[in-house]
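Labels run A, B, C, D, E and F following the written order; every chain starts at residue 1.
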Amino acid sequence: MLHNLDIDNVILTALKEDMPLGDITTENLIDSDSVSPARLIAKENGVIAGLDVAERAFKLLDTDIEFKRMVQDGTLVKHGDIIAEIEGNTRCMLKAERTALNFLQRLSGIATQTRKYCELVKGMPVRIVDTRKTTPGLRFLEKYAVKVGGGSNHRFCLSDGVLIKDNHIKAAGGIKNAVELLRGRIPHTIKIEVETETLEQVKEALDVKADIIMLDNMKLDTIKEAVKLINGRALVEQSGNVSLDTVYEYAAAGVDIISVGKLTHSVSALDISMRFI
Amino acid sequence: MLHNLDIDNVILTALKEDMPLGDITTENLIDSDSVSPARLIAKENGVIAGLDVAERAFKLLDTDIEFKRMVQDGTLVKHGDIIAEIEGNTRCMLKAERTALNFLQRLSGIATQTRKYCELVKGMPVRIVDTRKTTPGLRFLEKYAVKVGGGSNHRFCLSDGVLIKDNHIKAAGGIKNAVELLRGRIPHTIKIEVETETLEQVKEALDVKADIIMLDNMKLDTIKEAVKLINGRALVEQSGNVSLDTVYEYAAAGVDIISVGKLTHSVSALDISMRFI
Amino acid sequence: MLHNLDIDNVILTALKEDMPLGDITTENLIDSDSVSPARLIAKENGVIAGLDVAERAFKLLDTDIEFKRMVQDGTLVKHGDIIAEIEGNTRCMLKAERTALNFLQRLSGIATQTRKYCELVKGMPVRIVDTRKTTPGLRFLEKYAVKVGGGSNHRFCLSDGVLIKDNHIKAAGGIKNAVELLRGRIPHTIKIEVETETLEQVKEALDVKADIIMLDNMKLDTIKEAVKLINGRALVEQSGNVSLDTVYEYAAAGVDIISVGKLTHSVSALDISMRFI
Amino acid sequence: MLHNLDIDNVILTALKEDMPLGDITTENLIDSDSVSPARLIAKENGVIAGLDVAERAFKLLDTDIEFKRMVQDGTLVKHGDIIAEIEGNTRCMLKAERTALNFLQRLSGIATQTRKYCELVKGMPVRIVDTRKTTPGLRFLEKYAVKVGGGSNHRFCLSDGVLIKDNHIKAAGGIKNAVELLRGRIPHTIKIEVETETLEQVKEALDVKADIIMLDNMKLDTIKEAVKLINGRALVEQSGNVSLDTVYEYAAAGVDIISVGKLTHSVSALDISMRFI
Amino acid sequence: MLHNLDIDNVILTALKEDMPLGDITTENLIDSDSVSPARLIAKENGVIAGLDVAERAFKLLDTDIEFKRMVQDGTLVKHGDIIAEIEGNTRCMLKAERTALNFLQRLSGIATQTRKYCELVKGMPVRIVDTRKTTPGLRFLEKYAVKVGGGSNHRFCLSDGVLIKDNHIKAAGGIKNAVELLRGRIPHTIKIEVETETLEQVKEALDVKADIIMLDNMKLDTIKEAVKLINGRALVEQSGNVSLDTVYEYAAAGVDIISVGKLTHSVSALDISMRFI
Amino acid sequence: MLHNLDIDNVILTALKEDMPLGDITTENLIDSDSVSPARLIAKENGVIAGLDVAERAFKLLDTDIEFKRMVQDGTLVKHGDIIAEIEGNTRCMLKAERTALNFLQRLSGIATQTRKYCELVKGMPVRIVDTRKTTPGLRFLEKYAVKVGGGSNHRFCLSDGVLIKDNHIKAAGGIKNAVELLRGRIPHTIKIEVETETLEQVKEALDVKADIIMLDNMKLDTIKEAVKLINGRALVEQSGNVSLDTVYEYAAAGVDIISVGKLTHSVSALDISMRFI
């Protein structure tokens, strides 16, 4: 459940973007006290995510609009399924329609895509996680949708997780130095992840007790060797080249975490429409 | 060229989203006065859009960062092409990297997709236009990217264009009433568009001199009849079911405008990476 | 009816401007649970506009304040008429009083002034429209008041309407070039207006099928010739030198639209006071 | 001199109001690197106020625009006088033009009106002061313009000055109680003003050593008696019914301060235009 | 009583600061519909201030949370006293807890400290007042807490009170010039205070009828002489070196006002905890 | 080094709080082009923190003000030491003075206090860390000051760290359940900390491999037993009752981390003044 404190700003921004000066068609044609019922209907199969956001888009225009959910976030709907029954002031419903749908369709698209990845590795001891390759301004919601689709979250941003990359390693003079320096400087509550490109680097990261070791764009065989080498002493994250075609192989290689940029950066909106009835 | 006044807010929001409390890896490992050169490189073929935004993301962190464009918005790049040479404070470059890329990749993805549609109807007297099915908060930028890709813009929002839909028609008691009411109430600078589902409605809209007639989800034959009927007395817009497979046929049917939700709601980010050199 | 989404920000800004740190007189003298009835009373004749704003100013301080309208926006009131009966928390009523009145008096002043112009051309096929010469920050409300007074709106801003002026014409190399360039670049939903100073320019604009032709500061005879020349092929807008003394003559010359900066840039507030009873 | 910290927000709001999505005429017709000179020219006689604001409107769009003042705030200009020479990016100049003028014309209108009042009481020991009847959101600027026109300021808002009105007096059980209660509760840095309607109330206010006594809508004879009665023991402020016709008589009656709502609530914009040369 | 208009922004900022992305512990462990009772309990003796703020912190997350006060702002509580009984949604109560306490503890700390100073001069004709040495962003609340503790407020900021310091005096060419210049330029509603370091300066300030004379870091004997010299013709404010050890002596010296930076710049939070029961 | 992106908002808020309407003393007495040199001087011994903030306060009013640091953040200064030499526009320097000092004094107070704690455990393998008991709105800066003083940071907020408290444990049905549930739901990058009150709970937390175990208000002997029991298998954090008197004993008991609310919630500002020279 999303709290209004976390979502109101982004919804209000979207409503204002679509109505900086009202809706000149609706305000000039629809009576201000007209009331209508409508339905949100799935036009294709997929996983619903973002009902709190869609509902709030309507409620921010008129708190009296009723929004009755027929499914929940996480439900797999089929073409033709009713997602919600809505009833209230016609003007406000028409004004909020597109904003509500733009959020709901995108988030459901992300949940649907995430679920496809998760289905392919079902039952395996691996997490499908997101990245920071999200839509500017919507990261919180997109990461929420990943969880609705069955995935897990990586760090939220540059402030709440450590990922030591190539440049950091060079600047610090090696993985060992980088990890030790950081360990002394960051809060004790944060884990340290190191990006590695070779088995040599994996060993270095292991030696200095990195909490998480990312295998960056490694070949499948190397990944398997790395997993064997690490042997449970750190979490192993596979990153790069992950697609629906390859995700199973990476999981089978024994990594703990597979991060997938496509979960959020290349998504088809789930087709959903609002029908007045 | 995008003006900072129009883009700074959305970029700052994105930078803050990725760094609410700084970048704990970079700030603890990279010297505050370190300077590095880097390159933005295309990892697949596509149309670049959003260089003003990407550059500004870096400049908002450090106005001294140099950002030298090797291509322009609208350039078709190939895998491996250098998009820009960047040089400046290493910390700031690492901090802005993901935000700059998130914008650039999404906008370039939209431009690339738009160009595919435009290529298919090249030389034909038809416009490929966007819709209001855009990412909440990014509509201005996404509509810009559509133009970079060769497309045109539809109305920006509910405030600056009229589109009379089914519900408006019902509420007003028919297309004639709706158009006449609106014509008396809206600014004389705004055109009136009517959404029609049958030839009967097309005739009604013509009779009352609608400026634009949208053919909503009509079959190809009906579209052709509608075009013949309208015969230049109004702009004709085809809407619904448009894909790369169908766009040519719709254009060949003689409509003036084809609106495509997919230009913005279902986009693959163009793969672009930043390499320190 | 104005939606809170459209007006809350500007009202809150005004309340904060008048009470950055509370009302030190009222908070130190009036009991926090004191309740009082009061009335808004017209102190001169005029057209009321902005009751939604005035009511909201009180409600934003205390949602329980009752605001009972005795007239509606658009009502012509006389000196002494009761505009609204208000009752609620005394502190909040005293705090909101000036802000509510500042809005209501200015908007009613605009509606009253607009009505004077409209009365003078009553029954004639002409619109009295506003301009962009509005108070910074209040354009939306001021344009609303113009409509309440019987006028119509011109474009809202530089983003939602095209007006090709002298400099644009020069830069594009003539009216023909300017209109054609623009037609290819702007959304198909927006009309093109051209500002003309001579009959020669009127002809050029007609030839290139401008949607609206503005006659800028022309003499009455020239205006009549222009109207004859245009002959219904474009909307004709008269601009410049319009006052209560001249508006009838311009209308009689046959133009479709008369734009009047004075509707918003030089307005006397309608005298309205709040009386505790 | 106005500090950017105090004016940037309100100017940016105005620029955004006029260009939520850019200037579609200018951006599509004027080259992005075009440079033009222009002039601000007075179209009628009056006092200039607000040059800092006008200049900043241009500079916020392009810091490189040159703005050379030919007069200063407070200068009395004549029809035809050049107010400023401006030169810079043509696009930005066209975009900022209306916003800059809307501020400059309104503030100059206020300064001009204020000066008329001040001229009528020139040499007399009296201040012409403004009220809280200002345009929502622009009070700081409007009070600045009053000073430019030769007037003085009253309290800025409900937080920084005390004015005990009828309702406060009733709630506190008389003027004496009200003043004494307040004196104990407000900062020692703030004066206490009491609104009086009768000589009896004036006496009460005097007895309790009010710092300022407002004579509210009193007749001229009563005012004279009040002034005699007070005899320098408090500042005397005349309020109500002040116009250009009556201001001299009130001043001659010996009051210290005359507050005039019309200085800000009923103002004609000073006619100023920008000419490209 | 604090109005939400005055406090919501600062509370929302604090809630967002503590939960930019929700509470990952609570949201993952506590049921969304769980309800709990809790108590705010004093862990040491002191004066409570800020209950409106604490209550609002909870209500901004869930308006249905009940917050029953067992004491009021200004109450002197003892270790173990129950301050409030709270009941409502468990998640929201856990999320708001720290923010509510951070405000309540700091404001109560200020009230407690202020009371100590006031107790020491009880019955004497002197005010203990605050300064501008407050926590950035919290001045309004901190000055409120000073009043709750029995103190009074000095000017709120640089805009609503005049204090002529050394540099101003030098720039104006002496106290006389400074006061006279200012008197002509500031609103008639504002008193003029002059900072003095010698008896000579005190005399100058008296001569020019300063409303308030600040004795800055003077020795006790000099203060006594100054008080005698001023003899009620201006308010006398002692500033500098005031502590619990010295406040009585300064008061006994006959000054009207003693300003104490420590009231707000060096405060121990009052220990208060929330207990679920 | 603090980035402007992270501190500008809070500084601007503070400047506006102190000057909502300018500085009426300074603007009316000091010439707008006057330039002055000044010094920041320590009035007592302590650790400086916040020079970036102080400098920025001046620069936000006038970028041309020179701010030359004589010490750095972290420097231990003595009474009389010059902290910075400043020179620039006199008006802007006077306007920014108090805001700059309010930040610098508070942050230096925190750094100074933190250093005292750190000195007492110098050389011991233990971290002194802060808590969430910070000033609303200033947490980022206050946690920065803790680091400057030699301390370390705990989690920043409820979003970036897990701390399972009593209520969470109850709701989840025990420590084991709580940790396991959370481990499956939170990002793999975040450590899990459990608050324990008994050795029994310590064992439970150990069994389920909590990353960090907090000993909440335990007696010294129990702490020692807990440390022995944990034996390096988790980080051990001591919380509660920590003061300058007790910190050494806790450290000697072998815990890894000691969290101290007093570092930020009960701080004396370091006395620093600005002197014009």
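In this section, a residue touches a chain if its C-beta (ideal position, glycine included) is under 8 Å from a C-beta of that chain, and two chains touch if they have at least 3 such contacts.
Keep in mind that what you see is a predicted model, and the values were worked out from it rather than measured.
**Q** Moving only between chains that touch, what is the shortest number of steps from subunit A to subunit E?
**A** 1
**Q** Measuring between mean CA coordinates, which chain is farthest from subunit C?
**A** For subunit C, the chain whose C-alpha mean is farthest off is F.
**Q** Taking shared residue numbers divided by all residue numbers at the interface, is the value for subunit B and subunit C over half (same) or under half (different)?
**A** Same, since over half the interface numbering is common to both chains.
**Q** Which of these, A-B, A-E or B-C, makes the same contacts as D-F in over half of the contact pairs?
**A** The same interface as D-F is formed by A-E.
**Q** Compute the centre of every chain as the mean of its C-alpha atoms, then state which one is farthest from the centre of subunit A.
**A** It is D whose centre lies farthest from that of subunit A.
**Q** Indicate the whole-number Å distance between the mean C-alpha point of subunit C and the mean C-alpha point of subunit D.
**A** Each chain reduced to its C-alpha mean, subunit C and subunit D end up 22 Å apart.
**Q** Please tell me the distance, in whole Å, between the geometric centres of subunit B and subunit E computed from their C-alpha atoms.
**A** 52
**Q** Roughly how far is subunit B from subunit D, centre to centre by C-alpha average, rounded to an integer in Å?
**A** 45
**Q** For subunit E, write out the residues touching at least two other chains, lowest number first.
**A** Answer for subunit E, listing residues that touch two or more other chains: 19-22, 140, 156, 159-162, 186, 190.
**Q** In the complex formed with subunit C, which residues of subunit A make contact?
**A** Within the complex, subunit A contacts subunit C at residues 12, 15-16, 19, 21-22, 27, 32, 60-61.
**Q** Mind listing the subunit C positions that touch subunit B in their complex?
**A** 127, 129, 152-156, 159-162, 186-191, 193, 212, 235, 237, 256-257
**Q** Would you pull the subunit B residues touching subunit A in the complex into a rising list?
**A** Touch list, subunit B to subunit A: 10-11, 13-14, 17-26, 28-31, 34, 36, 90, 94-95, 98-99, 101-103, 105-106, 109, 132-140, 157-168, 171-172, 178, 181-182, 185-186, 190, 261, 265-269, 276.
**Q** Could you pull out which subunit B residues touch subunit D in their complex?
**A** Counting only subunit B, the residues touching subunit D are 1, 3, 5-6, 140, 156.
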